[in-house]
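Naming follows writing order (A, B and C), and every chain is counted from residue 1.
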Amino acid sequence: MIRHVLRYPSARAACLILGVVAVLATAGPALAPHDPLAQDTAALLQGPSAVHWLGTDALGRDVFSRLLAGSTVSVLASLLSVAVGLLLGVVPGLLSVFLGKRFEWINLRLIDALMMLPFLVFAIAMTAMLGNGLVQAMFAVGILITPVFFRVSRAAALSVANAEYIEAARLMGASTASVIRRHVLRKVVPAVAVSAASMTGACLSIVASLTFLGIGVVPPDPTWGGLLATDLANLYDRPFGPIAPALLIVATVWALNALADAMRDTGTDNKEKPA
Amino acid sequence: MTGNVISLDSHVPHGRRSEITLVEPLLSVRGLRITAADGRTLVRDVDLDLPAGGTLGIVGESGSGKSLTCRAILDLLPPGLALASGTIRYRNVDLSGLDARSWRALRGIELSAVFQDPASYLNPSIPVGRQLTEAIRAVLKLSRKAALARALELLGRVGFRDAEAVYPQYPHELSGGMAQRVLIALAICAGPSLLIADEATTALDATIQAEVLDLIATLRREEDLTLIMVSHDLAVVSQVCDRIVVMRGGEIVEAGPTHSVLHHPKSDYTRSLIDDHAVHTIDTTEGRQPPAAAPASPPLLSVSGLAAGYGIRTVVQGIDIEVAPGEILGLIGETGSGKTTLLRTILGLIPAARGAITLDGQQIDGLSDRRLRDFRRSGALQYVFQDPLRSLDPDLTIGESITEGLRLQASLGLSAMKASVAAALVSVGLDPQLADRLPGQLSGGQRQRTVIARALALDPRLLLLDEPVSALDAVNRSHVLKLLRRLADERGIAQIFISHDLGSVAGIADRVVVLHHGEIVETGPARMVLAHPAHPYTRRLLAAAPRIPREAPAAARPLFTAY
Amino acid sequence: MTAAIDSSRASVPDLRLGHAKALLRQVGSTLGIAVPVFFVATLITFLLGVVSGLDPAAAIAGDAASPKTIARIRADLGLDLPMPLQYLHWMGEVLRGDLGTSWFNGVPASELIFQRLPISLSIAGMALLAGIVGGTALGLVAGVRQGSRLDRATTLFAAVVSSLPPFVVAFLLILIFSLWLGWLPSSGYVPFSEDPAGWLAAISIPAVALSVDVVADIARQLRTGLVGELSENYVTGAVVRGLSRRRILFVHVLRNAAGPALTVLALKVPMLIGGAVVTEAIFNMPGMGKLAADSALRGDVPVVQGTLVVSILLILACNLCVNVLLGILQPASRRRN
């Protein structure tokens, strides 16, 4: 699978970017040349220089260091949101196909209801009311993206649920659990993996939006979205300011989407290829 | 066959040709060559001549290039394929050099076509009548009112008794035969000269197929149409066409008047096509003793007074069937006759509304979930699906698929498991080495044997087979049929064999049951029923089966003369 | 002539009635789904207030209040009732149009919301419109001219845009149209009734910023739909019948190809209404999203719940419209479901 995916040039570029992001996320704070919280009142809103590669912000903090230090929180937050969404979405998604009409109806209505919630407003409301913090924000986003994983896993399970080989297994006396284990899981995992990759990107963007609004992260702690917010506030003084954090967010999200696309394409290629 | 003197008889693949063309052909194809984007040649050196009013049949299996040739004539080649060389002349126009505007002036008005799977050629979201008036207005420039009148008239002409009732229906509300009639109405709405019927009756039930063929033949006469009829079935084409072209692998292997192609085939391939028609229908019964009139031993399966359906709709009722060990029961009926419903009820997939089903003295209908699962795990009753590819998990190897039922039965050791897989594969005549392959890597015949092997691995008493050979070509069909007969004779495995194809049932069944509208209309020893059908419906079913005309040489005996 | 076949299972008026009934049934079943969904969604909203653990009684009573006073206020507010009863009580009020009173300034929540609703509706509505127009145009061209330069450009555009958070787009647009060109204001809102031109100028950047995402998704879905439908047999059938390219595309193919795009559009509405929060924050507009965010941070539960209920109603209404439209465009899909 991995070797097939890497045949795509875009997938190779995506992996390179994600590798860099992974390094930033794990070792970012250690790599930072300055203390991301240290204020230098002598150097406010500076442009890029040899000392401050990306300049300083309104409080004289080194932007480059804050960018590196913010990586861990930003990446971790989106990964954990996806984990919550996967946990809450995939299992009911699969079972809704196999556990009878009533279970299916209840699940579908719950998911419909989740999809009817105004996304960001609800995420904000939930985070704020549960006590404004990163864990709460991740939990809120995770719940809100649950429908995506529910639908993807349900669609994949549905596409095989009426397959004749599943009927054949049932006619040999196979139980639902054994049917899911032997026949269904294999078809669901690739589809879920694809949407997990693209949803990680989406969550990164959502978490950035939330932190941009000051939700989920307490102000002095740096995040990519928060940096962008302060940079936009100081647009007149440092018009180039938002470029670096915006670029970092866009590149990461693009890489995840490109990887998801490549995974999807290999999936369909393999299916279409006559054996 | 007047006015139909053309050059097909003397077709020689290598270009030496001594044709006498008395009539200016309506359509003339010369040196047609179709290539794919990757350089493969899909059709080569195809020459056809068709005089006005002539009927030409093109026969070949899938991939022979017969449909591509037609699509090239209509300029409808699938994306990626192109006309590499050759000319197509219609009247005095070279079709290969036409622009889009001229094509529009030609299609629908001069050239038209009908295809297989007719409902898919209609827009699913627009009532069929509106699609008909639209086509009429597009080509004939009639007023809305006149177009409506013409549409209703056309619907009447293609055989709808109440045209106004068909008009507002959506394609999915029509049966296959009705949709094909609508498509034919669309094709003739502007009074075209040339009609191409590409597998137009394939996948329709035999009686419907006969009706549609009849309709095409009638309209051809009345409308003075020139007809190209494409089919994989030599019998279908030979009923309607004066001349036949046989294609294989993108080339013409034989061409000539229908009579001489059928009775004096020049190529081995044509001969094999004619032989196939005979072989799978009869030969397998050779040398077998007819079974006792009534099963002497107590029946293995007994179904009495059974009624079943979906929800409040009853599909089958009053069903009484008995099957003795080692007996093959043929279940014949057309789409909607309830034969699949009956099978699924026996399998416990549909609850029986009334009646009882017993297998070996044990009642098997109305079991609780747990008892049903236990019964299924015993493996006594096994099911073989119509399409082997879809009934095998594409991600599991052949071996894994075969052991699935064994795993559910008991915890066998790895080596015991391997041994039983090998035994099952050998018993259906497959190489045990295939156990490591995926279904996608096998041929259609091998796959169907695998499915049978999967059933045999559980040592069944009764096999239910739903159209087990209809997806197979003639050669594999007869092999699988022989295998099934041997299983019944040597291992005493009783079978219920569903088919709409009388030929395959005739070959192996001991007794047949004919289903019509959910009820048994006739039952008896296979030979008796097929040779002397008592019920009018059975007679109609037998008459509708396409066959090759009688004066054919020994190999091409009419369908059921073996009895 | 072949034997006439019996096509008339029903008479003509019966059939027409049947088709109309099928459409009504679709509307009915959509409503039948919408009602439970509304209750579940509002229940989630209600529970949010409960889980928050915020107690208005203490705030209203003030620091010096005795526990007894607080208990009395709680009883007045109905907070001492069991939770299901509290929900029913709250739901009853909501259905009567009473969304409660702000815990902070005592103003009815509905008044606060309806003051700000026009702003949010202007932006989200305009974004929806821009998204549909732009997305349809791009998707049509890309779908019909598969593999052309424009198709590849559209695909690239969709890929880039879907990786941009909306506020980044907003920032780019401000940079270009406000800072460099000075054509449009970078913040503030003018009501339509006061100055239509000013209204348009004020909402155009936020609306366009919100819509890019919609444009990209609609274009992508429409393209996929078109590519799929154009290879269907009925297109071949229409070509054989001699219909013009334009007629085949707009009369036959488009309605069948619009399914995925319309579905995505319905899914995008919650994103649009939610996404308005960010744009309203950037452009400093006192819209509903900003109200929700501010109230949430203040812990003003009735106002937050009110904004959510209003948003849910708007979203449900949009979904209903899309479903009915799909039912009209594709009668066959009714049967399949």
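As a convention for this text, a residue touches a chain if its C-beta (ideal position, glycine included) is under 8 Å from a C-beta of that chain, and two chains touch if they have at least 3 such contacts.
Since this is a predicted model, take the numbers as computed values, not measurements.
For the pair chain B and chain C, chains touching both partners: A. Two chain pairs, A-B and A-C, are weighed by contacting C-beta pairs, with A-C ahead.
Mean C-alpha positions place chain B and chain C at a centre distance of 49 Å. Note: centroid distance chain A to chain B, computed from Cα atoms, is 50 Å.
Note on chain placement: the centre of chain A and the centre of chain C lie 22 Å apart, centres being C-alpha means. Within chain C, contacts with two or more other chains are made by no residue at all.
Multi-chain contact residues, meaning those touching two or more other chains, do not occur anywhere in chain A. Per the touch definition, chain C reaches chain B in the complex via residues 1-12, 15-16, 19, 232-234, 236-245, 247, 251-252, 255-256, 329-332, 335-336. Taken together, the chain A residues at the contact with chain C in this complex read 109-110, 112-130, 132, 201, 205-206, 208-209, 212-215, 225, 228, 232, 235, 239, 242, 246, 249-250, 253-254, 256-258, 261.
Note for the complex: chain B touches chain C at residues 74, 76, 100, 104-109, 111-113, 115, 117, 120-126, 134-135, 138-139, 159-174, 177-178, 181, 183, 186-187, 189-190, 211, 214-215, 218.
Remark: chain A residues 163-165, 167-175, 178, 182-183, 186-187, 274-275 touch chain B in the complex. Within the complex formed with chain A, the chain B residues making contact are 347, 349, 373-377, 379, 382-383, 385, 387, 390-393, 395-396, 401, 404-405, 408, 438, 440-441, 451, 454, 458.
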